[in-house]
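Sharing a structure below in C-alpha cells format, with a few things to ask.
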Amino acid sequence: MPVDPVLSVRGLSKRFEGLRALAGIDFDVASGEIFGVIGPNGAGKTTLFSCLVGAVAPTTGTIRFRGERIDGLSNHEIVGRGLVRTHQIVRPFKEMTVEENVSIGEYFGSGSRRRADPERRVAEILELTSLSRRADVLAGTLTIGELKRLEIARALATEPEVLCLDEIMGGLNPAEIVAAMSLVRSVRESGVTVLMIEHHVHAVLGVSDRIMVLNFGERIAEGTPSEVMRHPEVVKAYLGEEIVESA
Amino acid sequence: MKELLAVLVNSLLAAGLYATMSYGLAVIYGVMRIINLAHAGILMLGAYATLTLFNHFHLDPFLSVAVVVPLFFGLGVLFYVAVVRRLPRSGAGPSIESLLLLFGVWLILQNLAYAIWGGDTQSILTSYTMKSVEIAGVRVGVPNLLVFGVSALSLLLLQIVLRGTFLGRAIRAVTQNRDAALISGVNADRISAVAFGIGTAFAAVAGSGLATLFAFTPEFGRSFLLKSFCIIVLAGMESVAGVALGALVLALLESAVGAYTSIPTSFQDALSFTLLVVALVAFPQGLLGLFSRLAARRRAAA
Amino acid sequence: MTGRFRLGRALLLAGAALALLAAAPKVLERGSANDIWNLAFAVALASAWNLLGGFAGQISIGYSAFLGIGAYTTALLALKGVNVWATLPLAALLGALFSIFVGWPTFRLRGPYFTIATIGVSEAVRVFAAGVSFTGGSSGLRMPPGSFDFTRNYLAMVTLAVGVVFLSAWIRGSAFGRALAAIRQDIDAAEALGVNSTKYKLLVHALSAALVAVAGSLFAINFQYISPGSVFDFRLSLSIVLMPIVGGLGTVAGPVLGAILFGYLQIKMLSTPALRDSNLFLYGGLLVAVMLFEPKGLMGVFRRLQRAASRSLPKSVPDAR
C-alpha cells in the first residue's frame, strides 16, 4: 500500500435491492500510478467506478480523494474536485460536434475556473486523442474507435487529477489497442493518475504499475502484474485460460 | 364513531371506482411504458356513450356496460394498430412524443364531444338515482353501490384473466421484464394491442360509472385523470393489488378531508394534485415498491 | 448545433426588427397593430418557454402559472396605486421565485414524469387563485382607469418579444446554452463531466418564468381585465407548449415560426363561423401530426428539405461533413 495515496477506499460496499455488487473493498492508489482493475464479468468493476465518481451512492464505506472524504457527494461535485471517469458504453452528445462535446468537459470540469484559453486546450486534447480532423463532425456519426477516444477526450478536458477509464479497449482492433495503450501512458506522463478497468488482460498487464482483481464484488488479489498473474485465486476466477495464455 | 364508519364505507365505495379508473392507465403503462393522457378523453367518451345508450335506447347504464366494454376494447385495439404502433420508441423509458401525441388525442376527443353532444352539462337520471340503502348504519346511495359492484366485478374478472390465462400471464411478464418476456416468445405487438384495448375498456367502464354519479361536460375527465395518476404513482404502476391500495389511500384521504375539515371540494382537487407531485418525488416506485424494497433489504441482511 | 453567435450581427438584426415593428402602427390600421401585439405576445411566450422546454429539454405544461403571477402582481399593485411599469421587475422576481419553488422538488423527475408534475402544479395554482379572496376570486380583477395607452403597450410588447428572441440566440451560442443542450441530450453524461444539472435547470427555469411573468404583466396592462379563467387557463399553457413544438423545439426560429403559424390559424378559425369552436381539434390535430410525422416541427421539415436539396446537387469538392 502506497504512502500518501491520492485515492483511498475503505470498506466500500454497494447493494442494489438485495443484490450485493460490492462487498467491503479496500485499496489505495498512489499519485501518478496506472492502476488496473480486472475481473470476470459481473465482478463489480463498473459499480466500483460509479461509486468513486458519485454516480451511485455507496451503501457503506469511505472514499478519500487527496485525503478528503468524497463518498456521498454528487457526480458533478466530484468531477469538480478532479476525479472523473469514462463510460464503458459510450455516451456521446450525438447532436453536438466532437469539439462541442469536448468543450463541455472543458467548461464545467475542475479546470473551468483556471482556464485562460479554453479553445486552445480543447484543440490540444483533440490532438492528443487523434480527433483533430473530426473536430466539426457530429458525434452521432463517429466510429466506435473514435467514440471511445471522444469519451477519453471529454474526460481529459475536465483537467482531472485521477482519470478512471472503463474498458476503453472494448471493440478495438489490435492496432487501435496499441495506440490506446500509448495514449494511456502519455496521459500518465502529463501528471494524471489513471485507473483502468480492462478485459484485454494482456493490455492492462502491459501498461499497469499495479493491479487489483475483483470477483463477485470482493477483492481477491492486489499487486504488481506478475504477482497477480501467479495468484491461485485469480487463476481460478478466470478458469485459467486467459491469464495462462498471456503470461 | 358513526362519522368514521361513514367515511370508511364511502371511501371503500369510491375506491372501487377509482381502482377501475386507474387500472386502465396502469395496464397501458405497464405493458408499453406509455403514459396515456387520452385516458381522460376515454373516461369522458364512456360517460357520453352511456348517456346516448340511455337516452336513445333506454338502456340502463349498468346494463350498458355489456355494450361499452367490447366497443371500447375494439376501439382501443384499433387505435393502437393505427396510431400508437407507429410512434418512435426511444429506449425503454416512456417517451415525451407518446405523451404529447396522446395529449393531442385527448383534445381531439374533447372537441368531438363538443361537436356531437354540445357543451351543456349532462346527467343520467334513472328511477333509482336518488334512492339509498342503509349498510351497517350508514346511508349509501344506490348508484354508488351499483358502481362499486360493477367495479369490483370487473377487477375480479381481470385478476382471473391475469392469473389464469396465457394472455394474462404474458401481460404480467411484459410488465415485469419486457426483454425477458420478448425472448421467451411473447408477441409484443399483440400483447400491446390487447393491453391498449383493456386499458381503453376499463377507462370507458369507469366513465360509465362516473356518469351515473356525477353531472358531466366534455371537460370532464381532467381531475379524474390526475387522480388516476396519483393512484398509479402511489401504486408503483404495475400491479392490480397496488392500484387497489393506492385507490383506497386516495379515497380515504379525500373522505377524511371532506368530513373532518372545512376545506371546500374544489380545493380537494388541489389536494390530489399536490399528493401526486409529492408521490412522484418521494415514492418513485410507489408505496408497494417502498415496501418491497424494505423487505428485500431485510432479507439481504439476514 | 450550427452557427456561431455573433453579438454585433445579432444586435443589428434585433435593432432593425425593433425599428420596423415600432414604425408599423404608423402605416397600418389599428386592427393590424392589435394583431401584431398578439403575435408579439405569442412569440415572447413561445421563445421564453423554449429556453426550458427546447434548450434544456424539460417539457412543462404549467406555464400559465407564471403568466398569471405576472398579471396578478401588476393588477393588484396597480389597484393599490403603484405605477404599472414599476410593477414589472417585481412580477419577474415573483415568477422566478415561484419557478424555483416548483422546480426544486420536481426537477428530480425525469422526462414525462416531470411533465405530469407540472400539470398538477398548474392546476393547483389555478384552483388556489380562483378560491382565494384577495385575488378577486373567480370574477377577476379590473385595472384602475387611466392607465391605458396603446402605443406604450405596443412598444413594450414588441420590445419584449425581440428581447426574448435575442436572448435565446445569445444563450444558444454560449457555454450556458451548451450545458443546457448536454442536459437535454444525456443528463447523466453531463453530470459525469461536471455539469451541475439541477443548478442549470433551476436557472433557466427562473429566467424563462420571469420573462413569462413580465409578458403576463403586459397582458394585464393591455387587456385591463384579468381572471383566473383567462390567465391561469390550462389551454393557455397548452398553446405555449404547442407553438415551439410545431415550429421546432430547441431552435431560435422555431418558436417564432410556431407563434406565427398558430396566430394565423387562430385568426382564420375565429373568422370562419363553422370552425369557431374547433380550436381543440386544431391543437390536438397539430400535436398528433407533429409527433407522428416530424417531431422536430417546421424547422425539422426545413432541414430535411435542405438536406434533400444539397444531396441532389452535383458536388465538385468532397464534402467533409
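A few remarks follow.
Letters are used for the chains, namely A, B and C, taken in the order the chains are written, and counting of residues starts over at 1 for each.
The rule is simple: a contact is a pair of C-beta atoms (placed from the backbone, for glycine too) under 8 Å apart; a residue touches a chain by one contact, two chains touch by 3 or more.
Because the structure is a prediction, the values reported are computed rather than measured.
Centroid distances built from C-alpha atoms place A farthest away from chain B.
Nearest to the global CA centroid, when each chain is reduced to the mean of its CA atoms, is chain C. Inter-chain contacts peak for the pair B-C.
Averaged C-alpha coordinates give centres for chain A and chain C that are 42 Å from one another. Here the spacing of chain A and chain B, counted between their Cα centres, is 48 Å. Our note on geometry: chain B versus chain C, Cα centroid distance of 33 Å, whole angstroms. Per the touch definition, chain C reaches chain A in the complex via residues 1, 175, 178-179, 181-182, 185-186, 188-197, 320-321. Of all the residues in chain A, the ones that touch chain C in their complex are 53, 55, 74-77, 79-80, 84-85, 87, 91-97, 100, 103-105, 107-110, 112, 136-137, 154-155, 157-158. On chain C, the positions that touch chain B within their shared complex are 59, 105-106, 108-113, 115-117, 119-121, 123-124, 127-128, 130-131, 234, 238, 245, 277-281, 283-288, 291-292, 295.
Taken together, the chain B residues at the contact with chain C in this complex read 35, 83, 86-88, 93-101, 103-111, 114-115, 222-223, 226, 229, 264, 266-267, 269-270, 273-274, 276-278, 280-281.
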